[in-house]
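Please read the structure below before turning to the comments.
Per-chain numbering from 1; labels A, B, C and D assigned in written order.
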Amino acid sequence: MIKAAVVGGSGYIGGELARLLSRHPMISLEAITSRQLAGKMVSDTHPYLREYVDLEFSGSITGEGMDVIFLATPHGASMQLVPDLVRSGAKVIDLSGDYRLKDPKVYQEWYGHEHTDPHNLKRAVYGLSELYWQQVSDSDFVSNPGCYPTCAILGLAPLFVEGLVKEGVAVDAKSGTSGAGMELTRATHHPNCGASVNPYKVGRHRHAPEIAQTLGHLQGRPADVVFVPHLIPVVRGMLCTMYLKLNEDIDKKRLMGIYAEFFRGKRFVRLTDVPSMQAVVGSNHCEVGLEVLGNRNVVIMSAIDNLVKGGAGQAIQNCNAMFGWPEETGLDFPGLGV
Amino acid sequence: MIKAAVVGGSGYIGGELARLLSRHPMISLEAITSRQLAGKMVSDTHPYLREYVDLEFSGSITGEGMDVIFLATPHGASMQLVPDLVRSGAKVIDLSGDYRLKDPKVYQEWYGHEHTDPHNLKRAVYGLSELYWQQVSDSDFVSNPGCYPTCAILGLAPLFVEGLVKEGVAVDAKSGTSGAGMELTRATHHPNCGASVNPYKVGRHRHAPEIAQTLGHLQGRPADVVFVPHLIPVVRGMLCTMYLKLNEDIDKKRLMGIYAEFFRGKRFVRLTDVPSMQAVVGSNHCEVGLEVLGNRNVVIMSAIDNLVKGGAGQAIQNCNAMFGWPEETGLDFPGLGV
Amino acid sequence: MIKAAVVGGSGYIGGELARLLSRHPMISLEAITSRQLAGKMVSDTHPYLREYVDLEFSGSITGEGMDVIFLATPHGASMQLVPDLVRSGAKVIDLSGDYRLKDPKVYQEWYGHEHTDPHNLKRAVYGLSELYWQQVSDSDFVSNPGCYPTCAILGLAPLFVEGLVKEGVAVDAKSGTSGAGMELTRATHHPNCGASVNPYKVGRHRHAPEIAQTLGHLQGRPADVVFVPHLIPVVRGMLCTMYLKLNEDIDKKRLMGIYAEFFRGKRFVRLTDVPSMQAVVGSNHCEVGLEVLGNRNVVIMSAIDNLVKGGAGQAIQNCNAMFGWPEETGLDFPGLGV
Amino acid sequence: MIKAAVVGGSGYIGGELARLLSRHPMISLEAITSRQLAGKMVSDTHPYLREYVDLEFSGSITGEGMDVIFLATPHGASMQLVPDLVRSGAKVIDLSGDYRLKDPKVYQEWYGHEHTDPHNLKRAVYGLSELYWQQVSDSDFVSNPGCYPTCAILGLAPLFVEGLVKEGVAVDAKSGTSGAGMELTRATHHPNCGASVNPYKVGRHRHAPEIAQTLGHLQGRPADVVFVPHLIPVVRGMLCTMYLKLNEDIDKKRLMGIYAEFFRGKRFVRLTDVPSMQAVVGSNHCEVGLEVLGNRNVVIMSAIDNLVKGGAGQAIQNCNAMFGWPEETGLDFPGLGV
């Protein structure tokens, strides 16, 4: 058993990490930090963890004696902590947005402040292990993708890798409200969102440049991405519906063949006709489906649990890669289904 | 056309008053106040009122030149305003909790501060006009009932008036989240309430003594009331399921006869088999149904729109009584149904 | 008061027509038909209409003595009834899909059977009165648009009329489940749809050619439309998010100016920053907003109540045009807002 | 590894059994039957089980070669199968209502047909293992409790065992719609239940006599139970709020002490202040809380996942008892929490 710590464990992603790690056969969860809740029982904040996580929140940790550290801290905070933690010798997986955008200028533009750790930014591996398993395996510092980018890129990667996309792509994303985090906001006040579907940050969401960066990297030229996130009256789950034109005629059968080949052996990507949130909620699975319509139009759909494959589960999948274990270690269970 | 003002118009009840008053054939809405939003357009805060309410928020009003004033202010604030407003000659309808509990000591116990206007507290008429139409008609100052008491008491009144209740009553109330108001709270954060039903303030909700006061008054002796409110993942609508034992054998047919007689001519109470939230949402109607089971057990169910019959609509119904109009004036429309 | 009948009044759209007509100041609702429910009270099927619609279902009507007839019958049934009803001298508004697709071959392709009334198909006016007010006013037979086309086209019309769209448009539509009708289906079984967002009939929905037909007509050349409807866990309300590229550089301010000019004087289209389902639910209003992003990408959003502006309300708006009344007659009320 | 079969695996409970059994460390799932789906892949019906349950539906099984058989068949069907299956030597756990009501006359009264297997009815053990662990352990045939009785009885058992209940109890139950099963019904049509809370079968639900039977058994005299189930717009989860009067003065602290003592060592019952559906959904846990109010009134609340502790999970817990394993075997994971 290796030793793990979660830094910033008071939020939904922190709780989800603790929930999943508590059942992981190779990892012992040794510490969870929260500056505000130091000294309080983790299970007071996350009551569902009673009898599963018998820890008090620590105020902070150094990395000493830990084999892996998961950072569930807000952006801005992560880059204050990463330099020391990486130096401590522990492997580090950061779930914030701090190390996702490789260009410090782009980071500053979208996050509103300078990047203070360009050294580690450069060496961070983008932890979408279906694309970058080898790089993640070889790394000691991984930047875990955002929930929207995970869902969108898994649906789009084969098309961009094959260079089949004519111009750009429109990503219409629908997310459960847990993705917005634990902080009280107008947008997540039930009377505002409980009987409605609400677009937000249209063209201004930080996951837009993250999606564009990876898709651009995959196709070898800048990607033209339009991204509109919506909150739906669901707590867990995410669906992306994506629209693009092919640059040549391909029928559905051939396209599905390309997808099947691309994701061969990837335990957590499931090709299907119409992806279902319910089939993946509670699990680390991603469902992907597509339709080819007239005029070379393609619709791609993908679904994940935003807190699992879109966050804590993917971080553990990356950890599995970093320690040389099968990717499904500790994550080998189906979605709730209903 | 008489002239009306709404004091404290930034919240859900204030918006609902403005929405309904904008269509009332006898009332001209002249002013809406909000200290924080003074000078801003009402339709910036309540966008659905664009082209219906063409007013800026006022900082305050005196009552001069107004025929009726609706107070949608928080408890504590209302009793600071009422003395002057009543003196101004306008009729006043207070939608806060300040004038509902007739005993200042009980008020202090449940609201946590002294009542500073015992004079008007004494003369306030409890505006449940299905029970107190004449008193409301004769009054110039009405205290509008809480949403839960409205729903519960309309379902229970015939039994208590007839003295048929053996011991006490348990009121299990389920409310849409708009009843909790516009303020951001843990309880109304979507991830906490959007896929769950959550009891809250068990035995400690301020509407408990309000229900007990009226039921006790109706039966001529103190009423033993247990009240448990729950938030359900619905924005608008309320259902109360209520449990009691009769002190004599009565079958369902006879009991329905008592209810029919009691509510004869009451436009907004509809007797039915199983009340439906959907049948009343968007309207001022209340549906009431019941079952008589073995061992003299009775289950009574009642449903309202918490913002209409449970708030703004009932206040306008009271206003109609105070001005001698038919009770349905400006409220004569069915629920959405679906 | 003119005399109106609703044919096929047992479903959601039939009930909604009855609900709205019961409050219309110029129309007396004289009959509602349902073959299966003939002789039963309308308010047994639609309990929220008790005391508002005091009618039994008729088995059928001829049109004699009626001034206007609303057909809320299924496609296929409408075209059996329309020829006789039109001959009776009553004005007719058909809410089914039978007279929306102008080309009988296209109709047959999408609806799976031959069109048996090509004569009336040719003369039917497409009742999107924001675009075709004059034609509707001059007509005695109107085909009421589908809910999705209403929402999508209102958001897109100015761009297509001005010829600003480079290639095609992707319409990502999210609908409340009432749009799927009263029939029990797997798709609307709560455990399947109550905690999920589900795309359906991807590229195969009958509203796709309807949208393409009108947009093509507006821009004077065939329109390349991709349409993906989704069911969201909401009962009422619809939002369309639409993606396209402009064929020239236009900034948001100028584009909003084009929209403002286009919809000037149109009572039911409201331009806004981010459209809100809640602001329009319960009303005949449509909210439209847009963003201009890089690479000439535009996102347009539009929201309606699928049963009102997307069905019964729009039919009444068309009726108002046909009788020379202001478009808001009987429809002049705001959405619920919350 | 023992060998298990699920009979009647096409519904939600069948799928849930397969989901949980696929991860059970001591059980190998060998067969799932469905007469209608024989020969089709289980994962076509339950897509979330792809790669977890690699079986075709069988048309039927005999019990030969099986160690344990779970019957997820409808009531009426189970009692046709049980006699032969029990004779086969396999242990049998029936999840239908056929063997829950011990008196064949009461069964006939509530289920509408005669009981055809009184022999096994008599020897069936009621599988609420928190109460009857020893009897379940010693048995080869267990009748798994209904979802509502599980939730209600776990909340009430300590009070009834101690003889503290004055008269009767009112059980107000709120269930997610998955409890209603896979069959399409008016009650579970989303437009009817997706924005509402609907009471149903008031005083006529088959779980009422089941609750009364066990509570009566626990207190040694007939129990006066009023039971009203409600559907809430949630897919998974159940909350019961229960109302009764004590026959002596007991404060909350002492009562909580009684509960703590009663449930000592019971892994799946968690005492808490206010039970949370979210804390238990996805798990086999039950949360119980209570408040003592004036006039000896007590409110007890309990929450479970209706498909896990209310069905498939509890059946596996019973299986664990029957095979002498720790009760949490294969069920040792926390709820989703959010």
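The criterion applied here is as follows: contacts are C-beta pairs under 8 Å (C-beta built on N, C-alpha and C of every residue); 3 or more make two chains touch, one makes a residue touch a chain.
Every value quoted in this text rests on a predicted model; they were computed, and no experiment measured them.
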* **Taking each chain's C-alpha mean as its centre, the one farthest from subunit C** => D
* Structure fact -> Note: of the two pairs C-D and B-D, more contacts are counted for B-D
* To do: Would you mind pulling out the distance in Å between where the CA atoms of subunit A average out and where those of subunit D do?
  => 36
* **Distance from subunit D to subunit C - Cα centre to Cα centre, in angstrom** => 46
* Asked: So what's the Cα centroid distance for subunit B and subunit D, whole Å?
  -> 39
* Structure fact -> Check: subunit C positions touching at least 2 other chains come out as 12, 178, 191, 195, 233-236, 276, 278, 338
* Residues of subunit A that touch subunit D when the two form their complex -> 12, 15-16, 19, 22-23, 46-52, 178, 195, 235-236, 267, 270, 272, 276, 278-280, 282-283, 285, 307, 332-338
* **Sites on subunit A touched by subunit C in the complex** => 167-168, 170, 172, 174, 191-192, 195-200, 202-203, 224, 226, 228, 230, 232-235, 237, 239, 241, 243, 245, 274, 276-278, 281, 291, 293-295, 297, 299, 301, 338
* **Touch list for subunit B against partner subunit A, complex** => 12, 176-178, 180, 182, 184-186, 188-191, 193-195, 231, 233-236
